[in-house]
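Have a look at these structures, which come just after this line.
Here chain A shows up in two complexes: once beside chain B, once beside chain C.
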Partner chain A sequence: MRAVDARVRALESILVEKGYVDPAALDEIIETYQHRVGPRNGAHVVARAWTDPAYAERLAADATAAVAELGYGGRGGEHLAAVFNSAREHHLVVCTLCSCYPWPVLGLPPVWYKSPAYRSRAVLEPRAVLAEFGTVLDDDVAVRVHDSTSELRYLVVPQRPAGTDDWPADALAAIVSRDSMIGTRLVSV
Partner chain B sequence: MNGAHDLGGAMGFGPVLGDGGEPEPEDVRFHAGWEPLVLALTLAAARPGGWSIDESRHARESLPPPLYLSLTYYEIWLAATENLLVAHGLVGADELAAGRSLRSGAPAPEPLDAAAAAEVLATGAPTGRPEPAPPRFGPGDRVRARVVHPRGHTRLPRYVRGRCGVVESRRGAHVLPDSRAHGNGEAPEQLYTVVFTGAELWGPDAEPTTTISVDAWESYLEHA
Partner chain C sequence: MFDEPWQASAFALAVALQDRGVLDRRDFAVALGGELESGHDYWDAWLAALEQLLAEHGLTNPGSLDERTAAWRRAAAATPHGSPVTLDADPQRLRHP
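Moving on to the complex of A and B:
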């Protein structure tokens, strides 16, 4: 670990010394993904879709534009698609070839999403993977796995739990987890 | 290329959730102090380097399989960024070994300052392009993913090659990674979402009521 740390610091100093990168830009990139861009953005989108049927329709038709309405977009999410879970169909997102993920709405992917175990198994045995997350679906629920092989990035809109009809959007957003927007978990109250 | 990165359907990697069986909390974005710097250096180096996201991906998947599978995610990024910098003549292998700059830099665009970096992140680099030709396929068409084993970069996973699926939607024309990864231009093609049944991909042992889709460029597909 220490050896890698030294190697990274050395690379930084080489690139800065040669005038290839500005340290202030490095700080800006880190700050953006450490603190500004994360799954609360996606939860905001989901809560809006749950409470505004017209917005949900726009999200289904053109997710890139609908997400931009709420101020989100950019790198790693230039092209977005939203897929909606229902009582009959459950969506799960993976990138078997690398780690493609909808950055503007979910931030950087968690370690498990990038792991060889998830990337290999999500397409082969999605129900077994879901069970590891405690998600057990009825046999008659179809499972649809989206392998993110292009620059089109997928956001799962989970099902809204029963008993939340009178909840305001910000309270709904608070119960929408990162994993539910990848599809490995459901939203419950 | 048929590299170690093409993991769909591989076996033996164990459980998805390792220690403790719980995913990391949402506010944990990195797992070592050097990881954010690797992310930032990798993104920032693309400007002096002039390489595309496709070339970056190809650099990662070109790592020898035993190495690729033994490194952590950001270690893969670090190794690939170092390799790209050397291959493009921006940094010498001797400088990486020495851990310091040994000569002045090669000519390169002015580095982005903080505001310009923020703007680049907010804008991204869309890959949608005007359609170069009428689409060959449409929703509902039965198609087969071609049996191809390109030596270079491709986004057609091995586990669908030769398998039949149904076009679900057209996604417009997008930059072809197979071309741009090698500096051969954008060569945009129509992109399709193609759905395969579990049984078509995995045979009789497939989990029931499961479908898997990939996004496939037109040249990846033929009529079935």
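Moving on to the complex of A and C:
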């Protein structure tokens, strides 16, 4: 057994013995984030906002409550903010400190979101970072960078692509990618 | 999202301790940020932040953690490959019940 495996087992066994954690709770947490919670939840929220203007207003006013309407919430989603892309503004989310991320709607963050390069460059040179994701914006589109924290975590509502006016919400949800809700990509048909 | 099982375990431990209010969410984010700043890989930083806060709160101490880590390694070495490892397999366990 490698040192790190033994170290984590040691921590776990000590904390369980002292009654600070329950082994069943640990299993539930891993199962939840490996299999149950992920960006499909966020895509559901975005598609609803695209098809229901009253919902979009509620999402803009109080994202935590609007997300809870669809049954999502809890850890890492106690205080959410939704920011809406438009023809004039593009939003990009980063956690400069560590890896704060809106778990109930996006699951756990991808590796690049946690990397030192993304965490520093998203603020310093967001357009260069976006270009590396293949996202090139017109010069007259302002880029707004939001720093997620343990207290407030952001969800980007991307722009609805043209030509999808008659699409039902579930078909729309299927084209909303995780990265588009972090702001590194756009949604296209 | 997890490359190795220990990462999932370390993740779950920190989340469970925050769920129970044993650790504070913001304290954990700050500790994790500090460990990342020192250049650790992400999950190494996560584990270091967890150990640091537990030690600061007096919930674990480095000596007993080192000893327990050694016990797990002895137990693993004494367990046939493919069988689940438990602390009961540590050959020194009887002398340190």
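Note that in this section the second predicted complex is superposed on the first by the 182 of 189 C-alpha atoms of A that agree within 3 Å, B and C clash if a C-alpha of one lies under 4 Å from a C-alpha of the other, contacts with A are read in each partner's own complex, and residues count from 1 in each chain.
Basically, a residue touches a chain if its C-beta (ideal position, glycine included) is under 8 Å from a C-beta of that chain, and two chains touch if they have at least 3 such contacts.
Keep in mind that what you see is a predicted model, and the values were worked out from it rather than measured.
Per the definitions stated earlier, placing chain B and chain C onto a shared chain A by superposition produces a clash between them.
Applying the stated contact rule after C-alpha superposition, one finds that A:165 touches neither chain B nor chain C. Applying the stated contact rule after C-alpha superposition, one finds that A:120 touches chain B and leaves chain C untouched. When the two complexes are overlaid, the chain among chain B and chain C that reaches more residues of chain A is B.
By the touch criterion defined above, A:3 reaches chain C but does not reach chain B.
Contacts of A:108 after superposition on the shared chain: both chain B and chain C are touched. When the two complexes are overlaid on their common chain A, residue A:177 makes contact with chain B while staying clear of chain C.
Look at A:11: by the touch rule set out above, it reaches both chain B and chain C. Among the listed stretches 24-32, 132-140, 168-176 or 186-194 of chain B, only 24-32 clashes with chain C once the two complexes are superposed. Within chain A, the residues touching chain B in one complex and chain C in the other are 1, 4-15, 18, 20-22, 25-27, 29-30, 33-34, 75, 97-99, 107-108, 110-111, 114-116, 119, 149-151. Remark: chain A residues 1, 3-15, 18, 20-22, 25-27, 29-30, 33-34, 75, 97-100, 107-108, 110-111, 114-116, 119, 149-151 touch chain C in the complex.
Every residue of chain B that touches chain A in the complex is listed here, in rising order: 5-11, 13-17, 21, 23-24, 26-34, 36-41, 43-45, 47-48, 53, 57, 60-61, 69, 73, 75, 78, 81-82, 85, 90-91, 95-96, 99-101, 104-106, 108, 111-118, 120-128, 155-157, 159, 171, 174-175, 191, 193, 195, 201-202, 207-217.
Partner chain A is touched in their complex by these residues of chain C: 1-2, 4-6, 8-13, 15-20, 22, 25-26, 28-30, 32-33, 36, 39, 42, 44, 47, 50-51, 54, 59-60, 64-65, 68-73, 76-77, 85, 87. Contact residues on chain A toward chain B in their complex (touch as defined above): 1, 4-15, 17-22, 24-30, 32-34, 38-39, 73-79, 96-99, 107-108, 110-112, 114-121, 123-129, 132-133, 139-152, 177-179, 184.
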